[in-house]
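Below are two complexes that have chain A in common, paired first with chain B and then with chain C.
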Partner chain A sequence: MSDGWVIRNLRAVKGRAYPRIIGAKREPSWLFFEIVLPLFTVAAYAYVYQFMDARAELIGYVVLGGAMTAFWLNVLWAMAAQFYWEKEIGNLQLYMIAPISRMSILAGMALGGMFSTTVNAASTLVIGALIFNVAFHISSPFMLVAIFLATMVALYGMGMMFASLYMLFGREAHHLSNLMTDPVYLASGFFFPVKYLGAWVAAGASFIPITLGLDALRQMFFTGAAEDAFLSLEAELLILLGLCVVFLILAHYSLRYMEYLGKATGRLTLRWQ
Partner chain B sequence: MPTRKKSARMDKKPAVRTEALTRVFEPKKKKEGKSIRALDSVDLQIEQGELFGILGPNGAGKTTLLKILSTLLLPTSGKAYIAGFDVENQFNDVRQKINMVSGGEVSGYGLLTVKENLWMFSQFYGIKSKVALQRIDDMLKDFGLSDKKDAKVRTLSTGQRQKMNIIRGFITDPDIIFLDEPTLGLDVNASRIIRDFILQWLKDHPTKTVVLTTHYMVEADELCDRIAIIDNGKILACDTPERLKKRVQMNTTLSMDVTLLKDTTVFRTFEGVESFTFTEDGEKGLTKLRFVMRDESGVSDIISAVLGQGSRIESLQKTEPTLEDVFIKMVGKGLE
Partner chain C sequence: MAVMNDLRTMKNAAWLGWQMEANWADPFLFATYSVVKPISATLILVFMFMVVTGGDTDNAYFSYMFIGNALYMYVAEVLFGVTWVIHDDREHYMTLKQVYIAPINFYAYILGRSAIKIIITTAGVIITLTFGVLVLGVDIFLGDVDWLLLAVSAALGMGCICVLGLALGGITFLTARHSIGINEGVAGIFYVMSGIIFPITALPTWAQSISKVLPVTYWMDSMRRALMPDAMAELSSAAALDITGLGGFSNLYIMIYLAISAAIFFVLSLAVFRFADGVARRKGKIDWTTSY
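Showing the complex of A and B:
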């Protein structure tokens, strides 16, 4: 063993982030699923809006929403359900016996996932914007970065919490991730302003960080989007920062509890492992 | 094969100590059956520098014991200490001392190369990249895997993959390493390389400790300073292989390969027979009989009984006691 606890955990974060970052390069087929497939959904909504002769920024919302689906899918499948797969291949027990905080493993997964997904989402955004002739007007790059980072940390914080809660699940993790895919597209307003679902639904959906993140990003990218906004930019940023803290703390405690439960019931490993 | 002085015991605190360690698995639902007592009041003490073997049939409790010692499972009752730290309450301290490798492990990520996988796992132990990469190079050389350094893990054979797993366990330089059937399913050559590496590692690091579970008697006999024989969650015997064999020293073993044998039940009642086992070799049409004899008075009766059934004796051998004989005596059955 070498160096202190903090250095050791930072190295663990780097170690776990590595396969995610390098994976995108090694598996080009992922590019198709994560960049091209969302464009089909974007196209469907965009053509409906065009047919209806809707406002131009609505098509922009769709392109932005399509790009952001990559993050939601990444959180559901590569964060929340990840420990299930890790247990299947025998990695989970190796993470558990390592002399590090389990949060470092989750943070590595989150950072690696965030990095590779940002590349994919940005590609979808650019290609979508070119195909559907979307114009972006960024009023404050600083605010844009702040909102994006707050959205990412809160969203992946939620993913870390789900990963802990799912840790002892079997195939149920797979089913839950399936269950949470499409309903969240609707509730979080991926392809339309969430405000139009009504205040109560929008408020409820705001517990999913991507809801407010998307709403705020729309306001940052498109002039006139403020009239479609659920809350003001500042309020959304503040709530997102609050969600960052809440989800990271919940992830920490749920991970500790689930590890204890796993050790008590013998479910940190498969029976044969 | 590297040689080392066995039982290089140190006058320090034990590497592993358990006190009445018990683990009971409860069924998820009552209707799913009874609870299983996987470990039953296990008392063990493993000294620093020992290569300690745990030998037992499937379901004996070997893996459960290793899971508790490696902080993956809580005991139902009793205590376990690693280097003096309680596995239940001081698991963070325990984890700084240990590592673990299991047979048939498929850990890591297939899209990473061997070097990348090993580096990744080394990072979970806070090892500087430069140091880790040097160790990876050295150990890959030891295992004859240098040419696979940049191969993706999913392209490795079973033997190559297990060698990589062994490197993963040892690269962190643990004080105590748990090896759960490390040569399971490997060919003779790969097993030999792994066994030699373990012996050489202990020779080079005399204060380190290896706790090994195995199905293979020869492996246990060849490697271990001491062996615990476990069955149904209980330690039936714990001693050096030599002393264990002395427990059946008064007995001789009679092995016979016979054909056309009709009834094996008669052999259990012969005078002088301590225990009796047999296996069928369907391919060759042989029945392999194995008698542990208290004395040799019953040998002629056994031969008469075999011939009396119209069987033919293909081979007959009288042997000194082996670890397998000890195992059969203790457990009442063989491992196969």
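Showing the complex of A and C:
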């Protein structure tokens, strides 16, 4: 692995992250939609809890979960499905012949996507909290940053692994992303504590990094969240770190295998399937 | 003759729509996809409810919420479906220009493509409601259903949603990167404001005034009155409070309101569609692609 190879790949990361970050500025109206649209779901679910006289933390969970949907949608549509869109518009073959690792392109997408999505999610969180009077108590800022970063790396690592599968997909890419929206909101407990799904289901859902990430964030943001916790904070951080390693390794091998398969079956440049 | 041509266009457009919706997977996988998606969306609300009540679903409000969420699939899918026809044909398959210049009625083509969306959504709604009745004890008893009210309400409501979709479809001619956001925004407003999963009385007073103008509010209420008349009567008169916010309106009033709304929306939607169509022609946007 020469210095030249490393620099080339770092430039690829920067080059692919650039349009993601700058793109938000070029189309400011998207920013509006990306912040406002999750608020509709947040408002509807918060009113359901309010109507039922639920405890205040549950409304806070809805606001936090609503903000975190931005990351899951970004991973699904702008990471996993991205190679499908690139294939449709004819960019994928350019990535394939470029003398860089596919992981660098995906890492660039992840960094750029993470930046703009964090801005959107934070805005949704703040607006939602203001509308529904949600009070956040941050007990340990260091732990909060550690959990958030571990969740993001594991989540986007998972997105990279999915990207390899989507590389070969036709129209099923769109349907698969659609399919993985609501079921994951359910399994990962975006709008209610995941522990209420039962220990086995919650343990299974923990393979999706955002499940444990959300559970840990709730414990750090809300004082009464301990009774709703699935696992302890330390255990969740440890598992998330493990998922970071597992997903990045799996993504590496999966990308290599799917690229080979795509070349062998001639599907890398096949469009309008 | 013209009617026969339009019917043939609708039939072929529906067939094309079905192929596009379903032939990306084998029938078993497609059936699984069609069942898992709506049921999991509904289960989110079921678990939210159970977290608060400790698992008790024997409650009129539970049925209210469950049925509202199931029927909302029509609002989301049909609105989205109509506009997606234009976006998908233009941006992804790049066939809109060929369809547009073909000697067919373009409205018939769009309606045909949308009809298949309505049929697929109906399957999802029926599966979700059946699951609710059999597994969760949702208060629908076939003997108590007001079938006449259900049929009239379904026809009027669906008409309203379809013509609204047509207006949004017209706007899609002019916007490439915003049609999805506009659609989801309109559907989101209905989700919050139309008493879909909670009664409109939970909203602030100013928002309730908006709710009482939206036809979807009346559609939801009339469909619930038809499907679960006893539970709705209980909610409308609980402790002398009108929880639903529409308890003072008779079924006839609601039907007339829906019919007038559908007629107004129909005229407005045609006007919007024709205006957008004209602008799109002048500006060369019919075969416009933006890689989005």
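The definition used in the following text is that the second predicted complex is superposed on the first by the 267 of 273 C-alpha atoms of A that agree within 3 Å, B and C clash if a C-alpha of one lies under 4 Å from a C-alpha of the other, contacts with A are read in each partner's own complex, and residues count from 1 in each chain.
Just so we're on the same page, contacts are C-beta pairs under 8 Å (C-beta built on N, C-alpha and C of every residue); 3 or more make two chains touch, one makes a residue touch a chain.
All figures in this text were calculated on a predicted structure; none of them were measured in a lab.
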Combined model on chain A: chain C and chain B, fit or clash: fit
First (chain B), second (chain C), both or neither touched by A:89: both
Which superposed partner A:186 touches (first chain B, second chain C, both, neither): second
Partner chain(s) touched by A:172 [first = chain B, second = chain C, both, neither]: second
First, second, both or neither for A:27, with chain B first and chain C second: both
Arrangement angle, chain B at one end, chain C at the other, chain A at the vertex (C-alpha, nearest 10°): 90
Touched partner set for A:99, first chain B, second chain C, both or neither: first
Touched partner set for A:47, first chain B, second chain C, both or neither: second
First, second, both or neither for A:37, with chain B first and chain C second: second
Which superposed partner A:7 touches (first chain B, second chain C, both, neither): first
Closest Cα approach, chain C to chain B, once both complexes are overlaid on chain A (Å): 7
Interface residues of chain A shared between complexes with chain B and chain C: 27, 89, 273
Residues of chain A that touch chain C when the two form their complex: 27, 29-30, 32-33, 36-37, 40-41, 43-45, 47-54, 58, 88-89, 170-172, 175, 178-179, 182-183, 185-187, 190-193, 196-197, 272-273
Contacting residues of chain B [partner chain A, same complex]: 25, 67, 70-74, 92, 95-96, 98-100, 102, 105-109, 111-112, 116, 119-128, 131, 168, 172
Contacting residues of chain A [partner chain B, same complex]: 1-3, 7-9, 11-12, 14-16, 18-19, 22-23, 26-27, 89-91, 93-100, 105, 263-264, 266, 268-269, 273
Touching residues on chain C, where the partner in the complex is chain A: 20, 24-25, 33, 36-37, 40-41, 43-45, 47-53, 61, 65, 92-93, 177-178, 181, 184-185, 188-189, 191-192, 196-199, 202-203, 291
